[in-house]
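The same subunit A turns up in both complexes below, where it pairs with subunit B and then with subunit C.
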Partner chain A sequence: MRDPTTSEGIDRRTFVTGVAAGSLAVAGCTNEGSEGDDASEGGDGDEGEDADFEVGPAFREVDDPPDAVYLPTHREAMRTVDPLEAGDYILVPMLSYPHPFWLVTGGTGEDDVSREVPDDGRGVHLMFVLRDAKTDIVLPVEDGARIEIFADGEPVDGPRSPWPMISQEMGFHFGDNVSLPGDGTYRVEITLAPLSARTTGDLEGRFGERATASFEFVYDDAFREAVVGGVDYLEEEEWGRRDALEPMGNAVAGGPTIADYPGRPLVAPDGGSEDGAGPPRSGDAAVLGTLVESGNRFAADDPYLLVSLRTPYNGVPLPHASPSATVERDGDPIASEVPLEGAVDGEVGHHYGASLADVRPGDAVTIAFESPPQVARHQGYETAFLEMPPVELEVTDR
Partner chain B sequence: MRAVTLPEDPSRREHLRALVAVGGTSALGACLDLGADGDGAGDPNAVSVPSGTDPDALPERQHAWNEALPTDEHGNVRPPEHHVLVALSLADGVDVPPSGDARETLEAALRTLERAYERSNEGLLFTLGYTPGYFDRFDEPLPDDLSLPEPGPLFPGGDPAVDAHDAVLHLASDEAAVVLEAEEALFGDRETVNGVPLEADATAVFDPLAERRRTGFVGAGLPAEHTDVPGVPDSIPAEAPFFMGFRSGFRRSQATEDRVTIESGPFAGGTTQQISTTALQLEAWFEQDNHFQRVSKLFSREHAAADLVGEYGEALEASNGLTAERIDSTAADAREHGVVGHAQKAARAREDGEPPLLRRDFNTVDGDRPGIHFLSLQRTIADFARVREAMVDEELDVPTANDGIRHYVFVDRRGNYLLPPRSLRALPPANPDGN
Partner chain C sequence: MSGAFGRAGVALALALACSLAIVTGTFAVPAAAGDNVAIFALEPAEVDAEAGETVELSLVVGTHGDYAGNGIDELSATLAYDPAVFSVAEVTHEGMLAHGGPDASVDGSATVDDGDGTVTIEQERDPSGDGAATTAPAATVRFDVAPNARTANETIEVTEASAILVTDYPQGTTVRDATVAVEAVENAGEAEGGVTDAIPAPGFGAGAVLAAVALTATLAAIGARRAMWRR
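Coming up: the complex of A and B.
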């Protein structure tokens, strides 16, 4: 059997000090020749190996990180599987070693964020990015996917549903830590439910069918050496600095800029972000808004208030928040706390929006967040986008 | 009826549970070898539990179990510990409409069970239900006012297998040996039940489908005894009666038997039963979410913030603690807190404050993974559909991961059944009044 994975470091430089990129190709050849061994080891594990088994790199903490996006301790290495077509979707699976992440339920209370710490067992961090096969737009919306993992045709894990997650290198993806019984060849089956999120533009009326995809991967020394050895630690004085790692190549799309959106931009009367250069931020999330005139693809007959909430630096969309808009003109209320509903558009991707009948240039628009993005976070994002104060904007006449 | 189960050695209990899962003559034999014969007399070949009574003295409702079950100090009914769902297909040679002989044979077998075992958790409780497919065999349809549709997916995009056999026999008892013996007597080679000889051969009427046989258990401490099963984490609370780690089936959160009983027509006194066979993602639930998150997702955010539940639901007493205000605030909670509780959502399907479902669900490790056989009784399948819609509600502004327990439950198989009144339980025609 041909190993379908290919090497994909976050940063090719990591392989200079880690494992040579070519070793993965070698691993593929080796697996081809020893398929029988892999098969026999896949189902039952080999406890004799546990003693010197290396799960992954040490999980380093950042002391007292800011309540904002910050540089984590390291760049991760991972293997990218060839993209899979499944109905209207393209899936790009990726595999790394199990690592901590944070679940968010709510966001402002001390128990609202829980840290997932991987077991001491062997396994992988299994991820996939979901895209529209037609437009290549990333679909950052919860879809209730079902994952099952098999070795030699026997189930070894699942069913499980992956978490919607964000990471600086991967952007929005679905993923979870998965324990594996031992070295071997594993088959992953993914079932995607019909998309429940609102879709607009070229995406409207699509993703109505369930779709399935599957792939295989080999879990062995070569895999571990690649994903663990490929980890690239940042200089310690960089840890916790307010910045983000560069997103990795083909799995992540940066968000459109304000100029890419239709309609009249909304600007912050006070100049926007702390440095005055970018869009305003709330809880360190960038808030971009435009007012799209009636006759648009988003709403039936009325003007449409479109708000993009995304990570700073990398522009990764932040779904599953609950924003609302309040509009005032000369201090008089025009619209109050109108919920902005999440949607995915064929051109501008994920955003929030609502129809607003009577909004004009000069009106003050306050975007408030009843709850912050309910997505799991990798290191560097877990302290941001939690406490999110309102953002004041103004409709321009541009 | 005893109100309290005496403490037993966990490994012995686990062994008995495993024997119920295996089933058959040898499992029954092993059960008796363990001395689990009901009275502890240790007779290697006889089950000995309280005897039954004249079947004519028993209630017309098959599902009238509550009076026969013990209650806890808060009045909550405690379900039997061991459960088997025996899937049945009409045997070759059984005509439709069935002959009087076939009906009498089946009825005689069931009445033997009733005479043999006390109708209680210490003896045997059972119901026999029939699928839409069974009634489709008849030329006449079911009565106009009785709707028994085939089940659909519980969640959007689900693709569950559908119970396509004819009937299901639900056997329940606190004694592992009783459910095994009753099943073996009807469909295996056991010739006596609790010492009473069987008078009729049920296999002349029904073939049991071994691959569709389902089993399970419920009771304080039982889930935590299954941490050897893949996918069952060590962190399950020791006292929890259900795999999700909390009590359920609170008296005031359950429909009464009256509320789920069909009131008119030829099947008056019957009810409908739906069974969803689900797998559970317990490792994420117990090892990734924290207790606050679990309570938020199972009950409501307010339950978590006000610490209303306790470790495993022990603080809730006789209800799940949902006030009308909490139920009404479900959609607002979704936006404000980013999470809604499973119970909170489902309670929106109540009518005049009354829950429409009588849950008799139980845990399972069928297939060597954790799950729930979610069995509920309701007057109409439409009652269940309403609860399901309240549970799924795509208008709620939360991701699936924070939408009750949707992230953790996978529905693999579903079945809808009609439980006729006892007088019609043996091969009922689709329209008894029309024949």
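Coming up: the complex of A and C.
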């Protein structure tokens, strides 16, 4: 073994000149024989450091993704912590490296989606899937959850309110990017507020109390190598294709199919989705509907219109939207813009619904969306479920 | 090659940046990486040399840093070669890792094992600051070609590569090897020592662009692109 190094330090002029040349070289790649060639030879360091030096895409991303669910560039790697029991809840924490996600700020256009970039590359992306301990149904966290992080008993972050999120791998969860001051063992405390969504079936009357849970994790080289090294890139020709990654084990694998719902299914007169093979879609969200006869577990006396809004491919429920239903019979209004309330049921999970009297087979039901799902999105979902036109359905007599 | 770049040096940097600008999109997708990556490319990717000459290759490293604007402050790479054909004559640490830091310097080391045919280059930026986010030569390696080397295409591979952000997160890496077209000399005993300058022809324009495209196509053909990460 030997060390043949001849220059341990750095010659500032060498370095600076090289950078200046590089910046002009790129200009030359698109502008052959530019006059800048000569200037590069005598360029000083300041010119080089100020140059707009671009050699390729900063990050591997999908160019011009469709306004729909699409395959991202990669599968994320994450460390899963053993599930935590907290009252009626099971909480599954997961950690990955800080990465961007997209926030929906209320509207339906591109301007109403903002990219949330990590403030600091030091830290973790902290995520939780919340389930009912009894039924294993995934529960939609809205407001009120709090996360606080401690090191050696001293708070280092929070309390912060995590974002409700959806990702192709994890389904519905909540989380955020969290900065950490350095390597060490951190304790995370989670406080869950009473569930705001209406509950039905086996879930009725539960989740009315606050619950807390905590866990520890080690942030060190081994963690960082695991979550970065475990990233799995898709073949580049797959990027942006209309499809979704398969959900991982801890994620919700999708809600029941239309055949599993009680009641009379609602069908689309025009055949449903673009390929005719599935339920109709709005903003690429699948819309499943059923009319449950009176005397059901969802509503006291009247028939119950149950609508499941979900991701295509994986069937992940999409909470925190504002749908409404309008019913017509032979062109005459029976009910107009009835708000559909978010609810969680012990068998069918999250859905939207309302009691509707006097709805019959053959009635036309229009599901409209005042606002799209107000959930943050991971890559592959950020361009979908935004502009959501009404969906026309019809009550069957099956 | 530790002094200031001359005209040839500028031409080299021009060609390097231009070829990287073109080939970045065609590098193999990292097999394992975060969603930001560093490129390690030997430049030129193809070079001719006669037995007994010296070949000079630049290890060019390119990174945009992470989403928060942090650059890298550590890098390492291991180059593997046929020790029957090549031996390492000199390693010069260049300035990529010091980019963007007025007071930054590069602390580097190189370990050569001519028995196994490897040279490992390790560098740290001091002080780390915001790290480096640029594309530039990180090191120059001069290989002596054995006087009795036979005519053959010899690959010098980047077998390991590592780039560490100032946040201590590793970046994914994509690598590109170099191919040396070695030409035997009729009478090895009379072979004169010489240097095959890895610097492309001076000037910048269509020739450089076409050369970069050709290199990319050649690389794709020989499948000499891989991806890896390690710490």
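Keep this in mind: the second predicted complex is superposed on the first by the 332 of 398 C-alpha atoms of A that agree within 3 Å, B and C clash if a C-alpha of one lies under 4 Å from a C-alpha of the other, contacts with A are read in each partner's own complex, and residues count from 1 in each chain.
The rule we apply is simple: a residue touches a chain if its C-beta (ideal position, glycine included) is under 8 Å from a C-beta of that chain, and two chains touch if they have at least 3 such contacts.
Treat the numbers as computed from the prediction; the structure is a model and nothing was measured.
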When both partners are placed on the shared chain, which of subunit B and subunit C touches more of subunit A: C
In the overlaid three-chain picture, which partner chain does A:E235 touch, first (subunit B) or second (subunit C), both, or neither? second
Kindly classify A:G315 by the partners it touches after superposition: subunit B alone (first), subunit C alone (second), both, or neither? neither
Which of the two partners, first being subunit B and second being subunit C, lies in contact with A:G289: first, second, both, or neither? neither
So, A:P280: does it touch subunit B (first), subunit C (second), both, or neither? neither
Touching A:G346 in the superposition: subunit B (first), subunit C (second), both, neither? neither
Determine, under the contact definition given at the top, whether A:Y97 touches first (subunit B), second (subunit C), both, or neither. second
Check the residue A:R122 against both partner chains and state whether it touches subunit B (first), subunit C (second), both, or neither. second
Shared subunit A surface residues [contacts with subunit B and with subunit C]: 119
Which of the residues in subunit A end up touching subunit C in this complex? 1-19, 21-26, 28-29, 32-33, 37, 40-41, 49, 53-61, 73-74, 97-100, 117-122, 183, 221, 224-225, 228-236
Can you check the complex and tell me which residues of subunit A touch subunit B? 103-107, 109, 111-112, 114, 116, 119, 142-144, 146, 155-161, 163-164, 176, 191-194, 196, 210, 319-322, 324, 339, 341-342, 370-372, 374-376
Subunit A touches which residues of subunit B in the complex? 155-159, 230-231, 279, 281, 283-284, 287-293, 296-297, 301, 304-305, 334-339, 369, 394, 397-402, 406-408, 410
Which bits of subunit C are touching subunit A when the two form their complex? 2-5, 7, 9-10, 13-18, 20-22, 24-25, 29-37, 39, 62, 64, 66-68, 70, 88-96, 98-100, 104-113, 134-137, 165-172, 203-206, 208-209, 229, 231
